[in-house]
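In what follows, structures are represented as structure tokens.
Paired with chain B in one complex and with chain C in the other, chain A is shared by the two complexes that follow.
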Partner chain A sequence: AVTADGAGAAPRGSPDASLDPDHLYNVLFVGDSHVGKTSFLYRLQADTFNPHLTATVGLDYQVKHLVVDNRRFALRLWDSAGQERYRSITKQFFRKADGVVLMYDITSEYSFSDVRYWLSCIQEGAEEGVTILLLGNKTDCAAERQVPTEEGERLAKEHQLIFFECSAASGHNVSESMVSLIRLLQVHEDELKKKAEEIPKPPQKKKGCCW
Partner chain B sequence: QEYEEKTGRAHRPLSPKQNVRKNLDFEPLSTTALILEDRPANLPAKPAEEAQKHRQQYEEMVVQAKKRELKEAQKRKKQLEERCKLEDSIGNAVLTWNNEILPNWETMCCSRKVRDLWWQGIPPSVRGKVWSLAIGNELNITHELYDICLARAKEKWRSLSTGGAEVECEDAGFSAADREASLELIKLDISRTFPSLCIFQQGGPYHDTLHSILGAYTCYRPDVGYVQGMSFIAAVLILNLDTADAFIAFSNLLNKPCQMAFFRVDHGLMLTYFAAFEVFFEENLPKLFAHFKKNNLTPDIYLIDWIFTLYSKSLPLDLACRVWDVFCRDGEEFLFRTALGILRLFEDILTKMDFIHIAQFLTKLPEDLPSEEFFTSIAAIQMQSRNKKWAQVKRMLIFGNR
Partner chain C sequence: SSGRLEEVPLEVLRQRESKWLDMLNNWDKWMAKKHKKIRLRCQKGIPPSLRGRAWQYLSGSKVKLEQNIGKFDELDLQPGEPKWLDVIERDLHRQFPFHEMFVSRGGHGQQDLFRVLKAYTLYRPEEGYCQAQAPIAAVLLMHMPAEQAFWCLVQICEKYLPGYYSEKLEAIQLDGQILFSLLHKISPVAYKHLSKQKIDPILYMTEWFMCAFSRTLPWSSVLRVWDMFFCEGVKIIFRVGLVLLKHTLGSSDKLKSCQGQYETMERLRALSPKIMQETFLVQEV
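And now, the complex of A and B:
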């Protein structure tokens, strides 16, 4: 039950993704330079692979409307520059994120070893309990693989992250991973709501409208 | 997205529908296209009165068609004249720059006449020379120094690719891994610099040049190193200057206070620049400023990309070069004035957008930005706030922060 507004019209009877969303989440994309963050977002929006994307400087922004389980979601996607120098800029946006997509490149051992560094940044900067999706990109380059799937799985388990391997070039697991992220974000939101109801005087709930 | 489509369409030159209509207007290209056919023999003859009326109508049509043609011909002639005039004025400008201004640079560069000519855009054939002169060479970099830096960079690349022993360089204190990552990053970023031009990519004519300049810079300034965004600046310079001169301009450009603050990611100073920008933002566009405030849209969201790449990534290249022209004339203040010009040009659209759509719009500006409107919009921005100029406002903010 997944439809995206970018890729063709939604089937009859299912809600129109571009209408007012039921839920709105801020999702920040981080990971080393050149692991494919911008390409992944391009694939998610346009459902094609664009080999001519430029390096991200600072941050880029996009909105993606999706319908999952008959509910409308709007994702505000923040694409960050991967270079170390920019990390101090990226860091200030962690706090605002409901979810973080942490990406590495399965053909680069280096980018995988940096995942731990990025996790510490998230721990430091983001709200507690932020939903994290670990993505190993470039499965289409199987011949150059340096990071075995099991290593990604192990790391994900250790830190309780959702984990997918994907390919922005082929489209493999691109929307699947986003749907998983959305479902988890929603579970998390429901939990927060419940908690808020249990407490007699609910604290000011974080509203998704502007930040 | 919706907004982007709407504005995108509004600026596109001709929709297919308009094209069809235009063709209809042009159709009677010659009056011979209007031939009065004889009445088919199988039909009864027209009454004389009706025949007379039809003849008259026909003649009127011919007159109209002739008139239209004449008008069209005049319009074409005028267009041709305007094009010739434009070409002439570029030709004249080249002559003026080459024969009058460049030989007398020191005395003439600040004159009213030169400044006006400068604003209209420097002709591409003299652009590089003017940029070089305007940026200057405070660092006293010579072609020999460039060769030395490049040789050092090449040595490093070699030792990295053979996995050889540590090369000692003056950049002690920077870990080998950092340096390696930085050199690796240059390689990856070169092919991601103006990919649509297909000249900086592997095998392209300027691939090695870009690689050399960035590599040489990391040896010249190991304390700054390579920072994403630099490849765009170097690329624009390469398009207008010889390699060594491009390196000299590149190093001197990055040495300017604003560029140093950004490329070293000096947060405090960057915030000062943003704060100064906001002073002029509020002054020039109070309504939009309030709208941005309401949506928590801070200037870093869009300025980081614009300042780091000097607009070369977000504006069409010809427009970016014209921004560079005046940036070379007026300095950093023009970068912020340009930003305000962009905001002013799209004020109506932006005031109807929410946070994420503004952010998205400003980091991906429409590709068919009309150049004259764009510069008119920049010209309308006043870089004076309560009698204070950019530099004064900046200075006050710096001291205020201390």
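And now, the complex of A and C:
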């Protein structure tokens, strides 16, 4: 059971108390310039394609509420500028991320070859075991494809990443990929909790002593 | 709407135009002896019909062009580095996409934007192209031809905001820290709140400063801020930033509705139109 809550559910800027998520994750979007990070986020929020988005300067951020498997999730989505020189700024925010979405453009071999570079940035900057989603965007431009699906799959397997091809323009696999990411983030969180529980707790306080 | 230009009575506008014409025609004399007066007139707003010319005088790009006759044409004829051309080309339709000058792919506005940005990568090959330069160049092109816009861009990148667009973006990060320490003096409440929420200045000021507010403020305010910026330099950018922060987060009343980190970020992303309005903003700056 997957339902995506619409973009306009709450007026911008008002604290969303009504939704009060069960889980909250920080997700950082990285990848070369022009691969479609901002367009993907726009599609995720507004469910339309906006061809007039300006190039991201620095970092941008938004919150997305989703219900997955009957649980409420809030994703804090950090959109970063792709151009190389901004990496000195973006790098500082790797550590805060629970998940990283690494995007390339299937019509650009160059953006795909940079994926390895981005992986090394993540390795260097993020917490160990951070959940990574590899996304090949622009499946709507099939005629201009330069990166075969299998290559993305192979790379994902090699580095144990979740992998999807998607299209911000058509909406293909946009929420599907986010749902997969959420599920994995949750598995990861549960594992951490379990580990924490293995440490013996102080005995529980007796309940209802007056009975 | 807040984007509408402040109504200046026609008579006042004509008076201002003739004052500015007199200044531009006797520029060296005015600069040497009556700089205060120039500053005051920039604060009042440069008449739209003379804005492009005035910016070139104020920035010194006019002199720069005269010292480098033919340089732009020379750079314009060179092919340029493919790695820069690719990024620039992909950015052309992403600057002020609703402005009539830049609306059509391959139209004059986009072509000139390409020429100016490409010329810069050839002029300063070690710096190349930074994506935040495109909106700056686009605003300039709305006011002057490509060659003039190029030299004005050079002045901005070298004299006004040195290092902002360079490889490691160190200057912008440093200015973020400076802005934050100035905020401590200007609005301790806002400073305390941002410190408590651990919101790094880089999160809200990067676009403000790198694009000189051209993507943040309503258009009429952008022009007024740039008028002052060309006259007084980067301190105007700092002051605008401080005004925005102070009037967004500067009282306990204002903070009531944005207590968390993310509510605060959201508030800074969607600033109140009231505080960005031309008359209010310029007066506060």
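Simple rule for what comes next: the second predicted complex is superposed on the first by the 187 of 211 C-alpha atoms of A that agree within 3 Å, B and C clash if a C-alpha of one lies under 4 Å from a C-alpha of the other, contacts with A are read in each partner's own complex, and residues count from 1 in each chain.
Operating definition for what follows: contacts are C-beta pairs under 8 Å (C-beta built on N, C-alpha and C of every residue); 3 or more make two chains touch, one makes a residue touch a chain.
A quick note: this is a predicted structure, and the numbers were derived from the prediction, not measured.
Q: Check chain A with both chain B and chain C modelled on it and let me know: fit or clash.
A: After superposition on chain A, which the two structures share, chain B runs into chain C.
Q: Between chain B (first) and chain C (second), which, if any, makes contact with A:34: first, second, both or neither?
A: A:34 sits against chain B and chain C alike.
Q: When the two structures are overlaid on chain A, which partner does A:89 contact: first (chain B), second (chain C), both, or neither?
A: After superposition on chain A, A:89 lies in contact with both partners, chain B and chain C.
Q: Taking the superposition on A as described, I'd like to know which of chain B and chain C A:138 touches: first, second, both or neither.
A: Touch status of A:138: no partner.
Q: Using the superposition on chain A described above, determine whether A:72 touches chain B (first), chain C (second), both, or neither.
A: A:72: touches no partner chain.
Q: First (chain B), second (chain C), both or neither: which does A:43 touch?
A: Neither partner.
Q: Would you mind listing the overlap between the chain B footprint and the chain C footprint on chain A?
A: 33-34, 52-55, 57-61, 63, 76, 81, 83, 85-86, 88-89
Q: Show me the residue ranges of chain B that touch chain A in the complex, using the header's touch definition.
A: On the chain B side, the touching residues are 1, 178, 181, 185, 188-189, 192-196, 225, 227-229, 231-232, 263, 265, 267, 294-296, 300-301, 304-305, 308-309, 313, 354-357, 359-360, 363-364.
Q: What does chain A use to touch chain C in their complex?
A: 12-15, 33-34, 52-55, 57-61, 63, 76, 81, 83, 85-86, 88-89, 92
Q: If you look only at chain C, which of its residues touch chain A in the complex?
A: So the residues of chain C touching chain A come out as 87, 90-91, 94-95, 97-98, 130-132, 134-135, 165-170, 173, 200, 202-203, 206-207, 210-211, 215, 257-260, 262-263, 265-267, 269-270.
Q: Residue numbers of chain A touching chain B in their complex, please.
A: Contacts found on chain A: 33-34, 51-63, 76, 81-86, 88-89, 110, 210-211.
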